[in-house]
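To start, I am sharing the structure in question, which I have written as structure tokens.
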Amino acid sequence: MSASARTEGQPVARLEALADGVFVIAMTLLVLELAVPDVAGSELAANLSALWPKILVYMISFVVLGVYWMGHHYMFRVIRRSNLTLMWLNVLYLMGVAIVPFAAALLGTYPRMQVAVVVYGAVLALAALVAYAMWRYATDGHRLVAPDTNPDLIRYVRHRIAAGPVVSGLAIGISFVSPEASILLYALLPPFYILSTRVDRFLESPPTS
Amino acid sequence: MSASARTEGQPVARLEALADGVFVIAMTLLVLELAVPDVAGSELAANLSALWPKILVYMISFVVLGVYWMGHHYMFRVIRRSNLTLMWLNVLYLMGVAIVPFAAALLGTYPRMQVAVVVYGAVLALAALVAYAMWRYATDGHRLVAPDTNPDLIRYVRHRIAAGPVVSGLAIGISFVSPEASILLYALLPPFYILSTRVDRFLESPPTS
Amino acid sequence: MSASARTEGQPVARLEALADGVFVIAMTLLVLELAVPDVAGSELAANLSALWPKILVYMISFVVLGVYWMGHHYMFRVIRRSNLTLMWLNVLYLMGVAIVPFAAALLGTYPRMQVAVVVYGAVLALAALVAYAMWRYATDGHRLVAPDTNPDLIRYVRHRIAAGPVVSGLAIGISFVSPEASILLYALLPPFYILSTRVDRFLESPPTS
Amino acid sequence: MSASARTEGQPVARLEALADGVFVIAMTLLVLELAVPDVAGSELAANLSALWPKILVYMISFVVLGVYWMGHHYMFRVIRRSNLTLMWLNVLYLMGVAIVPFAAALLGTYPRMQVAVVVYGAVLALAALVAYAMWRYATDGHRLVAPDTNPDLIRYVRHRIAAGPVVSGLAIGISFVSPEASILLYALLPPFYILSTRVDRFLESPPTS
């Protein structure tokens, strides 16, 4: 490994390690909201079936964090260098990711309260906005990416990230009419997002030689 | 590292890192179900001995997660490439793994309730079914494995994974007669599984050149 | 990899892995202090807005841990070898880092109590003092760093680390007048710290050939 | 990397990763036993000072886990190959490590109860016994270590590991007279252990060429 690779390359590796750690812990902490009911045995089945909103929010949040993790992953397959600004944007981003278990616990406990839907959507939207800032910062003028990075890929990822706050804003708007409809939107989004992903198309040919 | 290695090889590394993280956190979170009793000092010993069902379930679940982790590990010693479908199957699989601490807490708290045995078995069975789908997807037509991968190894791993849902289904069936017998089955399974493993036989000769 | 690289190089890698793990878990555990209120639905919004001191302390602590993580990261871009003394200083340091979620939960619950501010500041100061000892130990006589390491860089990092206990001491002093003013100081510090960082200047040219 | 290195070398890497993860999470979960007191503000200082047994046990347990982690680390600097038996001994070992936060919470809550000292000591002793079995299994006939591994090193590490159960047994014995004296022994052990470590002597010359 050359000295310059060490100077500029390693920070990206540790950025990714920090991000992977926060994502994986946040995803696994989601389960803590599924508290075991403290009831007489005969009422257990009834109490467990009352857990379904929490289980639904667990599943949505796990997959949403998976979507965000995969987005971060693709961003850092293109970003090749790091600097202090990118590091701090990354910390700010992870601060949003790490708060998702709280927002999920809130939504799972109060699935019919509009304020819970708003907090959940706001957390996801803010994190996506920081991701957007990271991507713009890293790619504007090819600042931290290889000079020959495909501009179509840069634009494609930018639009994908921007979709996050738009959908969260939509869900917040719908919550004024029906909080349940917002949750449905959150539930439908990840499958739609996953099915529409075309980033592999850009990566079949290697991003840089 | 060649460009194509980067394009196709790295995702497997991060898939494994994500999986390792979820497994290790889920295994370590199991301990949180062992709450310290809040009693007068003189009753502590009696209260601790009442913890034995939780400790048994802790041990079973830790080893079961170890079995699943080892299975994932062997799968990804053979799988050489990744794509979006595999990534999402992996996220779905980890969603099942990450919920095991909840199922374990439930079973440890209500070891005599059939519904707890059913939930525990269903979580393990569903996770194993997703693992089965991952393996079929990756190996059918050698889609994501080396072309010269030993077909016997592929078949062997497939049968091993399929054993998981079969046993979980059996345990669920037995629970209609006796939940305690189901827990006994869960307790006996890992040692049997471990002793019968022969995957090393296939790996003594390197899987691909 | 040569034998001597294995003997001396790998411990640094595992030191960093241990540190990364403790940092990332401590950062993510901070969210557990944000408990979901258990209230009638109509009072949820009011109760959530009462969470703001906890959210402020969450944000401060996340960024402070980010600052400490980044400092550790830069220290170990220069430290090239490890030995038992360094390993144990590192464990001692991480013992301080791992207790931050407790100090943060205390400060978030009792933001107006001087004792909470003192505990929070003392934890941060003690961790920084251990980091200072690590840095002195590793760099005195270039004990564990490359012989040609820039002395200006060594001095610069030393002064940066020393700033930590000074500020924490200042915050503790101010808390005798006003605990809220101390929290304000903690909140202002990370942005100031980040903006004043100049470590990249030293690393633009590779630290050692 | 040759094919055989992949077949035999990688499992050690993932064994270490699994162990590092369990250690680091167990160390960081120790902080969860330090619950923030729920009292009127004026009584906070008094309640915090009542936390000192928990803080002492936190510090002892963190350093003890550090000792165990370092021991695992040195074992796997010598162990070069893995197989299913070693993997399962490792999982069993980690099952003991992962339960330390429970034993620590018990001891911190009931520092004057003999049963808490016994449980704490038994957990540490059982984990150390499994480590002893791992080391014997890996080194007997140089089964999983390099053929030219220094026999003095193998013996030295064996004696060091064996010291663990001896001391835990001693602490359990003393607890029949005074639980507090047992805790004192646990507190004195890590510094003594650290100061007496001479493993570096063996590793200054590379373990294998």
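For reference, chains read A, B, C and D in written order, and residue numbers begin at 1 within each chain.
Rule of thumb we're sticking to: contacts are C-beta pairs under 8 Å (C-beta built on N, C-alpha and C of every residue); 3 or more make two chains touch, one makes a residue touch a chain.
What you are looking at is a predicted structure, and each value in this text was computed from that prediction instead of being measured.
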item: If a chain touches chain A and chain B alike, it appears here; value: none
item: Copy pair chain C, chain D: interface residue numbering same or different (half cut); value: different
item: Longest centre-to-centre distance from chain B, chain (CA-based); value: C
item: Separation of mean Cα positions, chain D and chain C [Å, integer]; value: 25
item: Mean-CA-position distance for chain C and chain B (Å); value: 36
item: For chain B, residues that touch 2 or more chains besides their own; value: 21, 25, 32
item: Touching pairs among all chains present in the structure; value: A-B, A-C, B-D, C-D
item: Touching residues (chain side chain A, partner chain B) in the complex; value: 16, 20-21, 23-25, 27-28, 30-32, 34, 36, 41, 44-45, 48, 58-59, 62-63, 66, 69-70, 73, 77, 194, 197, 199-200, 203-204, 206-209
item: List of chain A residues in touch with chain C within their complex; value: 3-4, 6-7, 10-11, 14, 17-18, 21-22, 25-26, 29, 32-33, 83-84, 87-88, 91, 94-95, 98-99, 101-102, 105-106, 109-110, 112-113, 115-116, 119
